[in-house]
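Structure below; questions to follow.
Chain nomenclature is as follows: A, B, C and D, assigned in order of appearance, with residue numbering initiated at 1 for each chain independently.
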Amino acid sequence: MAMLTADEYRESLRRYRPRVFVDGDAVESVADDPRLAPGIAAIGVTYDFATRQEYAEVMTAKQATSGQTVNRLAHINETNQDLLQKLEAVRLVCRESGCAQRYLTHDGLNALAAATQIADAEHSRSGGRYERFLGYLHRVQDEDLTLGIAMTDGKGDRSKRPGRQAHSDAYVHVAERRPDGIVIRGTKAIVTAAPYVHEFLVMPCRSMTAEDADFAVCCAVPVDAPGVTVIARPAGRPGEKAATFSGRYGQSTGVVVFDDVFVPHDRVFLAGEYAEAAHATITYATHHRHSCIGARAGFGDLLIGAGALMVEANGLDPDRHGHIRDAMVELITVVESFYACGVAASVYGVDDGASGVMPDPVFANIGKLLLATKIYDMHRLAHYVSGGLVVALPGPDEDHNPETAASLETVLAGRADIPADARRAVSRLVEDLTASYAGSWYSVISLHGGGSPEAMKREIWRNYPVGEKVELVERLLGRGVAALDSPLRRRVSRQPGRCCDAGCDAPPPPT
Amino acid sequence: MAMLTADEYRESLRRYRPRVFVDGDAVESVADDPRLAPGIAAIGVTYDFATRQEYAEVMTAKQATSGQTVNRLAHINETNQDLLQKLEAVRLVCRESGCAQRYLTHDGLNALAAATQIADAEHSRSGGRYERFLGYLHRVQDEDLTLGIAMTDGKGDRSKRPGRQAHSDAYVHVAERRPDGIVIRGTKAIVTAAPYVHEFLVMPCRSMTAEDADFAVCCAVPVDAPGVTVIARPAGRPGEKAATFSGRYGQSTGVVVFDDVFVPHDRVFLAGEYAEAAHATITYATHHRHSCIGARAGFGDLLIGAGALMVEANGLDPDRHGHIRDAMVELITVVESFYACGVAASVYGVDDGASGVMPDPVFANIGKLLLATKIYDMHRLAHYVSGGLVVALPGPDEDHNPETAASLETVLAGRADIPADARRAVSRLVEDLTASYAGSWYSVISLHGGGSPEAMKREIWRNYPVGEKVELVERLLGRGVAALDSPLRRRVSRQPGRCCDAGCDAPPPPT
Amino acid sequence: MAMLTADEYRESLRRYRPRVFVDGDAVESVADDPRLAPGIAAIGVTYDFATRQEYAEVMTAKQATSGQTVNRLAHINETNQDLLQKLEAVRLVCRESGCAQRYLTHDGLNALAAATQIADAEHSRSGGRYERFLGYLHRVQDEDLTLGIAMTDGKGDRSKRPGRQAHSDAYVHVAERRPDGIVIRGTKAIVTAAPYVHEFLVMPCRSMTAEDADFAVCCAVPVDAPGVTVIARPAGRPGEKAATFSGRYGQSTGVVVFDDVFVPHDRVFLAGEYAEAAHATITYATHHRHSCIGARAGFGDLLIGAGALMVEANGLDPDRHGHIRDAMVELITVVESFYACGVAASVYGVDDGASGVMPDPVFANIGKLLLATKIYDMHRLAHYVSGGLVVALPGPDEDHNPETAASLETVLAGRADIPADARRAVSRLVEDLTASYAGSWYSVISLHGGGSPEAMKREIWRNYPVGEKVELVERLLGRGVAALDSPLRRRVSRQPGRCCDAGCDAPPPPT
Amino acid sequence: MAMLTADEYRESLRRYRPRVFVDGDAVESVADDPRLAPGIAAIGVTYDFATRQEYAEVMTAKQATSGQTVNRLAHINETNQDLLQKLEAVRLVCRESGCAQRYLTHDGLNALAAATQIADAEHSRSGGRYERFLGYLHRVQDEDLTLGIAMTDGKGDRSKRPGRQAHSDAYVHVAERRPDGIVIRGTKAIVTAAPYVHEFLVMPCRSMTAEDADFAVCCAVPVDAPGVTVIARPAGRPGEKAATFSGRYGQSTGVVVFDDVFVPHDRVFLAGEYAEAAHATITYATHHRHSCIGARAGFGDLLIGAGALMVEANGLDPDRHGHIRDAMVELITVVESFYACGVAASVYGVDDGASGVMPDPVFANIGKLLLATKIYDMHRLAHYVSGGLVVALPGPDEDHNPETAASLETVLAGRADIPADARRAVSRLVEDLTASYAGSWYSVISLHGGGSPEAMKREIWRNYPVGEKVELVERLLGRGVAALDSPLRRRVSRQPGRCCDAGCDAPPPPT
């Protein structure tokens, strides 16, 4: 099974006939709609790069359960080295595309690999979930598919649990159990890349209780399954002349409505096993935050490169202008310090409770927490080194106005050996990446995507071995460890068993 | 002379026939072009508010030299109270309009009032500059005009002084001296509100030397003077459906080309007096940074209000959700702490070297420095409290799609007593203010407008009375003040005499 | 009544015979004990400066109720100008002494002036509290006394209210009501300057309920009243050779035990009026946070001066070494930006509910919040500009060792025109101010003194007019103000009526 | 050769008779002087831990060149895993001792291993440096010695190069070359652990030119070689009752004077090879910054543990008090994010130009840069969670005063199940670690030790592959890489060849 190229991926989307709306219009053909093209191009990078020899090691991996070489972003991690290479792979494809989106496929598959094994162990009589999952996994890998993660529910009234909502559709749930499968309904509010994936992995966005067991559902649904509707934003800013980058690569998010969608048994991985579904959710969150680190470091590479080019075009030299060098160093420090957390999360990756490894949750959450807030500093620093031109340059429609062209050339001539046109191009790129709808999108998605800061803080606190440090200090104080039974003291080591919500009902609700 | 209303201001623009291009098109009528309407509306706020009884004290003032009541934004400050009321006036009009732009008129007029008096004193035989300026000032006030400040030059090769540029048009300069006036030429790169002002005040953007005396020119030029061309961006984002706010209020910046423009003597305030021109530049910068503080505090008011509304629409309560309250408090702290610097700059306002007062330069520069970097935190905090919906909500064209309306209502129903439509409206406002072209515009203009951070740092260091603190500590150490002659020790008090560049050739060049 | 000099103040302490322990020893004579001398010297500055002609305006004021000229730090504010001058006075005495402590007298007196008037108005039949207070006030002013504020209780089990503590002495309370007065008992945990004040003002540290009415007691107690015991730390670091500054000026805090102390009626201002006692507490907190701003700005002056001297002694020039200039500018920016909040709190000072004015609580709390955290940055910046010498220089006992003196001279010779001895002196001063017990003391007291950050955040949120901004935005959105009754909307303006705790039971408890 | 225990290390110091002064006194016996005991105890931890079975893997390593198992802190790294284990080893010994100091031995030895090999390759005829070094190395390892790094020179007038100083002793240099060795003289200003090491490794603190070749000297000198004098501070705060921790573990720094000290050839590694000496300096700096990361993370462990204990003793629960949890999470985030940079520097460790590996310089410098400034935040956060008690608690001499004991017990009784004494002990520990001479020492040494921030910024900028990002962006812009020859573009990858100063003449000079 050869891996697909970007072109083949786009063509493969023609096999599906999803019901998709963008800006109020029904989309005839996802593969051909210009409003979705930047999203398809961005995911396309993950296909093309996997076929390039120089990237083979980082972009592909051998799936142990099948023996097949598969795309890294659909691989189940077996070693800490896998985690590190996945991190590097995500950075690589995102520095090219801004955000290549497909790492969510990886994050979802890895979470379900663990959760289905654990569910089999816990509920021994009704086993076979992992086997079913493996069958599905191998098909996804062999057909080189991209999956969307349908996780964030509509949520409705935040003061009520899923089972007690006035609108039961506020959360996706099992509406009916049939002999051959289940019927699900409800609405997922933010699904990345929704219109141009092959299938959705449906997962709950928070932990459920016995009472909410019907809401603990993990299954796979083709994008064009009967009853599925996608209401999406355009991917990037296609068609805008100034959108040099985001007109080419972008990301769509969609609301996905499941209106009594039938899912046959071989695509149902969990349906009611609420503890294991919660495990899937939290494991997904940890993998995903780790992936986000790689993604945003890739975006950082773009800013560093664009900022340096802009400095050059402005005729400045960081080695002579200390304040420019300082800003470049600060930008580098921001990017590489959160990336380092991703590296550490890989190196100290932990058992995922089943046969795989997952990133260390403390380092993964710290890295995501840092990038969530520091993305704003990244924009600030890119603006700082670039100067005010990025928002003062007349737009592309002015470029060829013969009545003004000469005057603008004069204004743009900063340095004799750099043509005005080059400076204009870099300036527009910086604007597009940092001072536009697309640029701001990176901010908000870094802050809230994959869980808001409050969710990361919870996870850091829940997982950090505070108890171990308390014991160290008590020993140094010469006091035996007191008999006190306090929450702090119980935190001697990670507590993989207890699941919190994956940040989904944390702070500012995404919808 | 009654003050104009916003409507009368717009109508008054018909008296002028400027040569303006926007996005490659020649503008037929500035007053009617929808691409400029948001800019005209924003400035209009400064007219309307001055006619409202409840704002009379803050929005108007009595001009001592004429005895007339004039718009506060065209008034020459006589007292520290004037400075404080101007600060409040700027906040008031900017919280309504985002950025009302007209305070630049104030900043320029105040700078020239001082510089012309000083020049008259220095160059006694060739006096009359201040009288000439007063005549101009009274006309501006009496006709209730708005002036654009044409200051930031094209600059060309930053390693060369103005007089040594390959393109002499890189800086505006006196090209010819005639018996009845002067002829100027050159290009100003970033002129706020250029297309819809009545006149330009031309001023140098840096200090000049004797060698560059022809570049030390301060004069007034009608927007439609022969030889003037304005190449502008649209004001705000007119016509974009999602641009709820910036479709209504916005700001245009323009490149202004002076192609051998004749300026009669009564409009020439300085032409060769390089020391006094430098004084005008630095005084302008101090007034302007002070004004920027008020402007951005007004923008902060919008974010605080919009953030609070979004929190409410999301169904959250800051009194119960500590992390939301903390973010709101941080947003308030950011805004009010830089505003406090504006207040202190007013209260401790200093003699401007002539008959007026100007803001204390240390406090004014600190306030501007803080807002320049903290605008990014303001955006971050607004996003934090608002949640991811602001970039995930399907666009306005989806609102009335009957095939998706019901599903979207479900997703948007967070709180029973707030209709989905209200939540949608607030969400779009937050996006428009913080996560769009218009939103990012506020970031970059806060960072670089009125001088980049490096320029503020220079001014803070130059003006701070370090020497006084050194003496304090030496006394406490029991050592007499050493005989050392060091730069630190000379900084016993402000040094109004020495002029640096007004930040214009500082760090990242705007063009 | 002439105002006292520092010497007279020290002598006046001999009139009292308090029971004081320092480091386990009973103190024979407060006026003579070297362990308390730095504290007495620091307060002495507030006396001496009030007698100096050049400081007359800032250091003294005319008390309207008596017509007497009094020390500014014992004056009841009548105008916003009073608030501003008090702020400047505090900065002036603290830049000389590090922390002159006596501003607490001001803060307590102003709080009680308001609270007694309000109590008289509320409880009309049992009036006379304000008259009683005025009598006391005039005596304090006329005798030029210094008062300690006995506010922070022991607190005991923080999960229980005062009236429900196992140890009732955890909070000071009325133990008995007699015809001629009351008997109070309990322990105050942190009382600034306790051993060397003339009297204590006892006030509650949190709001009380009807149930805790006996804990709502405000009264005045001489430092040597029978039953009072003070357990204190030494003031500063007297006797340490390296403690150049803190051996001379310092501050003691003490635990003050009230063991059935009788207080006659004319010194009892509130005893059971829990609502007004809460008002006193919160009003005190607002005044005190405002004073803290001035105090820490004075400390900032010391750091700026010492840092600049150290830079000079190291042979560096901020005008040539950009990173040194940047650090100096950052230090200045930190200090002056929180000071600006104090200025704004003065300018926008508000009615205190009685006949006086108090600082605007939003600005006052923001200023204190900023200094609370930024004191650490101030230390960092002072260290940054000073270099590692401050902790590597051999101690004073080495200075006169003939076997090493020559070698050390070589090491210390950075600049030919600055003797090694001068560099040594500045280095030790920086260490004393920032890298010692005394230096760290400034950090912790800035963070927690006058209320911890959590308390400031509560007050900012409680007082900020969020509702006004919400209305602004709703109007701009074109929606009428909704009928929603939410907490946000009720915050249209300051709510002086409702009292929260003055930060006392907020975050990390001081004891 | 068994490794020594802590006791054996202390005893081994008796073999040396160094000339040491502490606080003006000559030290008779280093092993017995109580003023040095905390330093000897801290280094002792590195001995004891290496003998403990559970730490064998992290604390020891096999030296490839000798086949011997040696202390990890004297080992030459061969793999990236070695770098990671060294990092962990440093954290382990520093969390026990505050700062175990001996990692400098590691940093110096690794630098000289590389530099001597490169010198042999460059200067082929006069080889044998590496062989000589290896002989020395094996003896150090086999005798389990601790080495001090004598690097930071006195520096004198910073505007002149070493060879042009008025005092030639401002820098250590070769004063005479003899047939059997060299004679060195000059003063090193800050030598960590100077009095209680076995030998010094002398190295230059900056790069030298041909003109300064005599200053490019690397050699080993026993602590008691004739002509060596050490003028030291006490280690920690021995004898202070409140210094619970720093009375036990501490660190001394010393000025080391070399007064015509003869060094035989077999201890001279470089003497005039200025390029290779510069390589040694920069390589040392990179190793050392990496080690500092581990050291300060260990200090962070102490703060986290002590902070958590204090929270508990105060009766607070982070799971219920959000602001306490947030502060703990921020403290954890600070510590683990700079530690992650150490991990990444290990994982991406690079060839050291000879047979070894060294940490990636970008990550190592970023980690050190972060800790240098964030140590102040660590102190702030420890204070925040601990409360004001840490500076208000009466001192140890008060503990057993029968007249006050009962009252203090009441004040200290926060929580019924935690005795007052326990709360007192934790409070004093927090004060000792963060609000004392010892606590501040950690701040300053983190900021300036191993190079000041300016030095790290230079190295980050020098080593970061900016050129690679520039190429990426140019490709995305569709422009071929321009022919421009700019400094940015040459930075395609690390430039190990060019050496800058190891931060020694960077910002605020340590002496």
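Basically, a residue touches a chain if its C-beta (ideal position, glycine included) is under 8 Å from a C-beta of that chain, and two chains touch if they have at least 3 such contacts.
On a predicted model such as this, the values are computed, not experimentally measured, just so you know.
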Distance in touch steps, counted as few as possible, from chain B out to chain D: 1
Chain D and chain C - chains in contact with each: A, B
Same-site or different-site touching of chain B by its copy chain C, using the half cut: same
Approximate Å spacing (C-alpha centroids) for the pair chain A, chain C: 50
Gap in Å, rounded to a whole number, between the CA centres of chain D and chain A: 39
Chain A: positions in contact with at least two other chains: 311, 323, 326
Footprint of chain D on chain A - complex, ascending: 84, 95-96, 244-245, 301-302, 304-306, 308-309, 311-312, 317-319, 325-326, 328-329, 332-333, 336-341, 343-344, 347-348, 362-363, 366-367, 369-370, 417-418, 422, 425-426, 429, 457, 460-461, 464, 466, 469-474, 476-477, 479, 482, 484, 486-488
For the chain B and chain A complex, residues of the former touching the latter: 21, 23-26, 154-159, 166-167, 169-170, 187, 189-190, 229, 231-233, 253, 255, 257, 311, 314-316, 321, 323-324, 373, 376-377, 379-380, 383-395, 397-401, 403-404, 407-408, 410-416, 431, 434-437, 439-441, 443-445, 447-449, 452-454, 507-511
Contact set on chain B toward chain D in their complex: 322-323, 326
